[in-house]
Amino acid sequence: MLFDNILIYFVLIPLVMLGGVALSRNIKQIRAVAVIGSTALIALSVYLIYQWLNPTPEAAELAAAHDGMYHYASWKWFSAQGLNINLTVGVDGVSIAMLLLSSIILFTGSFASWTIAQPKAFFLWLILLSTGVFGFFITIDLFTMFMFYEVALIPMYLLIGVWGSGNKNYSAMKLTLMLMGGSAFLMLGLIGIYYHSSADGQYTWNLLEIANNNAISTGWQYFLFPMTFVGFGVLGAMFPFHTWSPDGHASAPTAVSMLHAGVLMKLGGYGCFRVAMYLMPQAANDLAWIFLILTGISVVYGAFSACVQTDLKYINAYSSVSHCGLVLFAILMINTTAMTGAIMQMLSHGLMTALFFALIGMIYGRTHTRDITKMGGLMKIMPYLAVCYVIAGMASLGLPGLSGFVAEMTIFVGSFQQGMADYLAGGGSLRLVFTIIACCSIVITAVYILRVVGKLLFGPVQDKHHLELTDATWWERLSTATLIVCVAAIGCFPNFFENLIRGTFDPEIFRAIAMNF
Amino acid sequence: MDYSQFLLMKQEIALLVVFLLVFLYDTFAPKKALGALSGITCALFGIYTIAGFCTCVTGVSDTAFAGMYATSPIIAMIKNVLNVGVLIVLIQSVKWVNNDSTVVRRGEFYELLLVTLFGMYLMISARHFLLFVIGLESASLPLAAMVAFDKKRYESHEASIKYILTAVFSSAIFMMGLSFVYGLSGSLYFSEIYGAIGSVSSPMIICALAFVIAGVGFKLSLVPFHLWTADVYQGAPTPVTSYLSVISKGSAAFAFLVILVQCFGAVYEDAWEWMLYALIILTITIGNLFAIRQRNMKRFLAFSSVSQAGYIMLGIVGMNAMGLAAMVYYILVYVFSNLAAFGVIQAIENNTGKVDMDDYRGLSKTNPKLSFAMMLAMFSLAGIPPFAGFFSKFFIFTAAINQGSIAIYVLVLIALINTIISLYYYLLVVKAMYISDEPSTIERFKSSCTDRVGLIITVAGIIFLGIVSVVYNHILTLAERSGLF
Amino acid sequence: MEINALYYLIPSLIMFACGVYGFITRRNMIAMLISLELMLNSVDMNFVVFNRFLFPGQMEGMFFTLFAIAIAAAETALAIAIIVNVYRANNDIDVRDICKMKF
Amino acid sequence: METSAILILAIPLLMFLFLGLAGKYLTHKWAGILGTMGMGITMCLAYTVAFEYFFSGNQFFIDEAGNRLQHVVFNHDWLNFYDKLSIRIGFLLDPISAMMLVVITTISFMVHLYSNGYMRDHHGVWETGFQRFYAFLSLFSFSMLGLVVATNIFQMYIFWELVGASSYLLIGFYYTKHSAVSASKKAFIVTRFADLGFLIGILVLSFYVGFYGEGNITDAFTFTSLTSVPVDGIADTYHVSEGTAQMIRGLFENSAAPMFMGASVLTWALVLIFMGGMGKSAMMPLHIWLPDAMEGPTPVSALIHAATMVVAGVYLVARLFPLYLMQPTALDIITVVGAVTALYAAMVACTQIDIKRVLAFSTISQIAFMMVSLGVTRIDHSTALGHEVHEGLGYMASMFHLFTHAMFKALLFLGAGALIHAIGSNDYTAMHGLRKYMPVTHLTFLIGCLAIAGIIPFAGFFSKDEILTACFGHSTVWAIWMAAVAGLTAFYMFRLYFLIFWWKEHKVHEGHHAPHDQPWTMTLPLVILAAISIVAGFVPFGSLVTWNGHPITGDGFLTNLENLNWGVASLSLIIAIIGILVAMVMYKKENAIPERMHNALPNLWRWCHHRFYWDELYQFITHRIIFGLVCRPIAWFDRHIIDGTMDAFAAVTNKASFAIRGFQSGNVHMYVWIYLIGAVLLAAVTMICVL
C-alpha cells in the first residue's frame, strides 16, 4: 500500500504544503505552513537516520534483499509490456544524508525569505522545487528520478525571473536552458540504459535490477556513461558547463540561491554517482580520466576566478564551482574513502553555501550592494552577520572543527591513496597529479575567502550611510544559527556522518569499487 | 450484399446523424429558437463523444466493403480522441461564432466542421486509396471555406486562397504519386499494393512514395511542405486555427502511419526510413527556428505545431505497437495542450482583439487565471513534468529508440536538442506574462462561461492525462491489438 | 504502327509539366486554376492508361478517374468562390499581391 | 591523570566558547578575571601533569633503566577514513610534550594576567572587544595545547590549522586598521601555503605506512610507533610492537619507496612536512609574515609569535626526529635553511627601528638556532674542540633553547609592550633614556637581553652553548657560522637596549605625563619571567628531555655547569661580550658612529633595513603574477570564452532563424516551388542513397 511507506511522505508533505500555501490568506499563514512543513520534513529525515542506525529485523531483512536499500517499495505505474515504468523508492545512507540536507535548507530558506514579496506564489514555486528535490532523492527508478529532476529545475526560471535582481531575464533563461540542455543528454542516456537494462528483453528502469542484471555491454557503456555523466554534471557545475552558475546565483533571490547551491547542485553529484557510476562501472573506470581532468580543472579554475570577483554572489558561485568540482572529482576516484568524502563534501558544501548565500542576501538587503569594493567594516555595523560570515568562510577554507575540513581531508586522503595505488600499479599518474593539483585549492580558497573577509567585514567603514544599518532580525538569526550549528556538528562529530554514508559503499552494491580493490 | 457491415461504420453513421440533426435544426427551426443552435450542437456532439468512448472499449476489428474500410479498437480510439478535440473546439468557438458578423452563418460553420471531421474519419479508416482520397479532399476542401469564414478580415481571404491553391496543388501531386502506385501494382488496395511492390525498391516506387509523402505531409505540414501553415493559421478565425492545428493534424498523422505501414511497410529500410528521418529533423528544426521570432501568438503556435508534427512522426519510425500507442497518446495530449493555449488566445481575442505576444506583457497581474492556464499549456507543450506533455514526449522518444539503430539515437538526440530551443520560445510567453514588469495593456475582464468550461477541461487534461497512467495503458493495450504491423 | 502505353503517358507527363510550369509562372489566379486542371487531368489520363493497358481486367483506375474529375470540379468551384472574395477585397487577382502575411 | 589531561584541553575550549558566546554580557573586568583564572587552573593542572611525568617515577613514564617513556593518556577515534586508517584525538605524554605543556601554560597565563593591564589605556578605559580578545587567547591556548599533546600527525595537523586560525584572529584584533588586516591575511596565507606542503607530506607518509604496513595503519601512525627508535644498538625504549617498528625501520632505512627527482619519496615527505614547519616557524623564505604579525597586540606577539606557536615547527621536527634521523638528507636541508635564516634575521634585526620588529627578527634568528641544532644532530660519537659530545646532544640543546628562549623572549616582548603602552609608539626614536622613568621594566628588559645574548649564568647562555657544542660536533663551518650569529645577536639586542634606555635623556613633552611603570598586573609577569630566565639555565635538561628518552647527563642542579664544554663556552662568551661592547660603544651615548657606519656601507645597510626586499618580491609574485597573470586571465576567459561560447549558440540560432525567414515569403509561387523541389529532392536523394 502506498501510504505504508514512510518515504512517500517526503513527497506528500510538500504537496500538502502546496495546498496549504495555496489556501492560506495572509503571509502569516504562509510562513506557518512553510515552517511547520519543513520542520516535519526535518523530523522525518531524522527519524529515517534513527531507523537506519538501528533498524528493526524485518527492515534490515528487506534492505538486505534490495542491495541495502531501506524502505524499498515499488508500485506499477505505466504498463509492463510497453514501458514498464514503476514508482520505486528506497534510501541508503547517501540518500538519507541528502534528504536531511534538503530539509534543513528548506527550513532555513523559508526563514531567509521571511519578508519576500508576493509570498504566496514564491512559496508555491519554492515548495514545488523542493518536492522535486525530495522526490529525486527517494526514488531509485530512472524514469521517476528524471521526472522529479526536471520538476526541480523548472521553478528556478520563475523564481529567478520574478523575484530575482539584476540581469535576471538573461540569467534565468540561460540557467534554465543550460540545465535543460544537460537533461536532454541525460534523457537520451537514460532511455539508452533502459534498452540495455537486461539481456532477456525484459527491460526495466529500476536501478537495482539494472545493476544486478549488469547487461549493459562495454561499448554501450562508453556511449551512455558520458551522456548521463555530462547530463548530471551540468547541474554539478562541471567545467566547462558551469557558466550558468555565476549569473544564476547572482540574480537569484536569497532562498533560491540557498536551495540551488545547497541542494540542487547536489542533485548533479548524486545523479553522477547513483546513475552514471553505479550502473556503468566499466565505463566509469575507463573513461574516468576525461572527467577527472575536467573536474580537476574546475576545482582550481573556480577558485582562481573567485579570487578576482568583486560581486559577493559571483565569488560564492565560483567557489561553488570549485567545491562541487571537488565532489565530482572525488566520486571519479572510485575509492570508498574518496567517495565518502565526496558525499561529506556535498553535505558540507550544501550547508556552508546556503549559509553564505543567506548571509549575502541579508547583507544585500541592508546595503543594497554586493560589490565588496563599496562596502567595508561591516564587523562594526552588523557584528552578528559578520561573525557568521567569518565562520562560513572558515568552514569553506577547511578549518578543522567545521564541516569543510572533514570533507576535504577525507577526499584528499582517499584520492591520494587511489592515485598512489594507480601509480605503483603502473596505472599512470593522472589521479596522483590531479589530487595534488586539487590540494592546491586549499591555499587559493584561503586567498579569496580572506580577501572578502578583509575587504567586506574588516577595515574602516566605507560608506557612512551604512552606519545606521541594523543587525540581524530574529528570523535571520534563527536561520543562520541553524546552519552554523549543522556545519559545526559535522565538523566536530564527523564519524557519525561518515559511518552513515560509508555504509553505502560496500563492494556488493558498488561494483565499480569492487573492481578497483 | 451484407448490410450488416454498415454496423462497422457506426461512428461515421453516428457523426452523420449528428450532422443531419444540426443541419435540419439549422434549416427548419424558427428564428427565435435558432439561438440554441450552438448549445444543441455542443450537446449532441458531447453525447456522441461520450457514447463513442463507451463503445470503443469493446470495439471489434474488421474490414468492410471488400476491405476498403477497416476499423479496430485503436482506430475507434483515435476517432474518439479527435471527437474530444472537436468537442472542445466547439465549446470554445461558441462565443466567437455568435458574434454579429458570423451569427447568421453559424450553422454553416458547424456543418462544414462536422463534414471535415467525417472526411478525416474516412482517411483514418480507409484501406483503399479511392476512399482515402475522398476522405482527404472532403477533409481539406470545406476547411478552405471555414478559413475564409471571417468576411470582414482580409487576412481570412488571403489565408483561404493560399490554402486552397496549395492544397489543390499538393493533392494533384499526391494523385500523381497514386497513379504511379497504381501503375506499379495494378490495385489501390493497401494490402494488394503491399504485396505487389514487394520489398525491393525501384526509382518508380521511390518517386511514388515521395509524392505520396508530400501529399500527406502537406496536411501534416511537414517541412518543406509546411509553408502554407503559418499564413493560414494566422489568417483563419481562431477556432478554425485550433481545429486545423490539432484535429486535421492528428488525423493526418494517423493516416500517414497507416499508409506507410500498410502499403509501403515492406520497403521501410531501403525507401522511406531515411526520407522520414530527414523530414523529421527538418520539420523539428525549421519549425523551431521560425517559431523563435514570432510575435503573433497564432503564427507562433503555427510554427510550434509544425515542430510538434515532427515529434509526432517519431512515433512512426519504430513501426511497432509501442510507437503507435505513443503517437496516439501524443496526439491526445497535444490536443489538450494546444487547445488550452488556443482557448486563452480566443478568450483574449474575443474580449480585446489582441493576439500579439507583446500585448500579453504583465497578463498575470490582470488576468491571473488565464495566464496560469496559458503557462500550463506552454509547459505541457515544452514537455515539462509533471504535466502531460512531459510524459508524451518521453514515451514517444522511448518508442522511437525502441527501433534500436545508432541513427535513431542521433535522430533523437537532435530532437532533444531541439526541445531546448522550443523550451526557449515557450518560456518567452511565460516571461511576457509573468516576468516583464510593464503594466499590462489588457485590462482585467471576465471570460465567457463557455471559454472557462473549455479551459477547465483542457487544464484538467494537461494535469491529469500524464499522472493518471490508465489512459496510456489503455491506449497501449488497444495498439497491441491493432493488427497494423 | 503499334500504339503502346508510352504514346499516352508521355503526353500526359508533358501535360503535367505544363500544368506545374503554368501554376508556378502565372500570376493570374484563374490561369493558375487552369493549370491545376491540367495537372489533375494528366493524373486522370495516367490512371485510365494504366488501367487500359496494364490491367485491362478491372475498372479500378477508371473509377478513380471519375471520382477525381468530380473532386477537381469541386475544388475549382470553391477556388473560384474564394477568388471572387479576394477580388472584392483588393480589386485584382494577382497572386503576388496577396502576401500580406509573411515571415 | 586522565581527567587532568582532559581538563587541560577542555578548560580553554570551554572558556573560549563561554567568552565568545556570552562575552558581551559580561563586564570587561570579569571577562578578564575569568579568562585569567581559567588559564591559571590549566597551568596548575599542566604543572602537576608535567611534574608527575618527570619525577613520579611511575613505570608508565620511566622504565627501570631510567629511560623516559612515551605514554598515551587517552586516544579516541575521531574520523575513520576507512577500516585501516582513522584520525584519533588523544593525549600523548613524553618529555617534549610535557615540557611544552609547562612552557605554553606558563607564558599563556603570564600573558592573560598581563593583558588585564595592557588592554586598557592610562585612564583605565578598556579596549573594545576585550572579551573577544580573551576568547581568542583561550582558543589559541586550546589549539596549541592540543598540538603539542597530539598522538598522531593528523591530530597535529588539525590543531596546527586551528593555531593558524587563532593567530589570524589575534593578529587582526584591531580589525579597523588596514595594516593589521593585511598582516593577519598575510600570516594566514603564507602559513597555509606551507601547510599545503605539510598536507602532501602527511598524505605520502600515510600512504606508505599503510602500503607496506600490515594490520591497522592507525596504530602504526601514532607517534609512538612512528618514532620507535630505529638505530640498532640502542634499546627500543618505547615498547611498540616490534613488527611495526621493523616495518617503519625497513621502510625508511632501505627506502623501499620509489625515487622521485633523485630522492626517496619518503625524503620528500619529510622535507614537505618540514616545509610546514618552515611556515609556522618563519624560516626563510616563508618568514615574511612574522614581522608583519607584530601588528597584533603586544601580549599576543609575546604568546604566539615569540614563545609558543612559532616554535611549533621546531616541535614538529623534534616530534618526528627519529624519522628525520633515518633520512640525513632532510636533516642537512634543515641545517642549511636554519643557518641561513639565522644569519639573515640577525643582520636584519641590526637595522630595524620598530622595537617589535627587532624582537620579531631576533625570534626568527633564535628559532633558526633551534632548527640548526636539530639539523646537526647525529647518532655517532663525535668531539667538539677535543671534548666528547653526547649522542643526540643537538636535540636536547634545541629543546632546551626552545624552553629558555620562550621565557626570555616572552619577557622581552612583555617589556616592549610595557614601553609601548607607556610611550604609545613602537619606535625607539620616541623612547631613549627611559631607565629612570621605568626602573622595573628597565631591569627586567636588561635581564632578558643578557639572557638572549648568552651571558653566564643567564638561561640563554647554557642552551646556546649546548647548541654551539652540537654544531662543533657536526661540522666546524656551521659552528663558526652560528657563533658569529650569536655575536650578532648580542650586538643587536644591546643596540636595542641602549637605544631604548640610554642614548640620550628622555624629554617629556608638555601636556604628556611622564612615562612610568605599569600596574602590578603588568609588572608581575615581567618579574616572574625575569626570575625564570635567570634560573632556567640550571634545569638539568639532559636528564629530562632527550631524543630517545635516554638521559645523557645527571640530574643535579649544577649538572649543566659540570657538563659544560668550556672550550665552546668560553668562545661563545667572548663573542657575546664583544657584541655587547660594540653595541655599548655605538649606542650608549648619543654619537655619530652609527651614522658613519651606515654611510660607510650604505648598500648593506639599505638591504638589511629593507629586509633584503623579500616583501617586495612576494608582493610582485602574488599581485603581478598570481593575480595579474593567472586569476584575471582565467576570469576573463570564463566570462568571454566559455560564457561567450554559450551565448554564441543562442546568437547562432537567432541568426539562422533570421537567415531562413525568406522562405516564408508569403508568396504562393515560392511556396509551391519549395514544395516541388522538396518532393523531387526527397525522391532524388533517396534514389542516390538507396540504389
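Letters A, B, C and D mark the chains in the order given here, with residues in each chain numbered from 1 onward.
Just so it is clear, contacts are C-beta pairs under 8 Å (C-beta built on N, C-alpha and C of every residue); 3 or more make two chains touch, one makes a residue touch a chain.
No experiment lies behind these values; they were computed from the predicted model shown.
Path length between subunit A and subunit C in the chain contact graph, taken as the least number of steps between touching chains: 2. Chain closest to the overall centre, judged by the mean of its C-alpha atoms against the mean of all protein C-alpha atoms: A.
Interface comparison, C-D versus A-D: the pair with the greater number of contacting C-beta pairs is A-D.
Centre-to-centre separation of subunit C and subunit D, using mean CA positions: 98 Å.
Rounded to whole angstrom, the centroid-to-centroid distance between subunit A and subunit D, based on C-alpha atoms, equals 38 Å.
For the pair subunit B and subunit D, the distance between mean C-alpha positions equals 79 Å.
Each chain gets one centre point, the mean of its Cα atoms, and the points for subunit B and subunit C are 27 Å apart. Each of the following residues of subunit A touches two or more other chains: 177. For subunit B, residues touching at least two other chains, in rising order: 161-162, 165, 169, 173, 230-231, 293. The residues of subunit D that reach two or more other chains are 661, 664, 666, 668, 672, 676, listed in rising order.
Pairwise chain contacts in this structure: A-B, A-D, B-C, B-D, C-D.
Of all residues in subunit A, those touching subunit B in their complex are 77-79, 81-83, 85, 143, 146-148, 150-151, 154, 157-158, 161-162, 168-169, 172-173, 176-177, 180-181, 184-185, 187-188, 191-192, 194-195, 223. Within the complex, the subunit D residues that touch subunit B are 653-654, 656-658, 660-661, 663-664, 666, 668, 670-672, 674-680, 682-683, 685-687, 689-691. Subunit D meets subunit C in the complex at residues 661, 664-669, 672-673, 676. For subunit C in complex with subunit D, the touching residues are 20, 23-25, 95-96, 98-103. Residues of subunit B touching subunit C in their complex: 129-130, 133-134, 137, 141, 144-145, 148, 151, 154-155, 157-162, 164-165, 168-169, 171-173, 175-176, 178-180, 182-183, 186-188, 230-231, 234-235, 293, 299.
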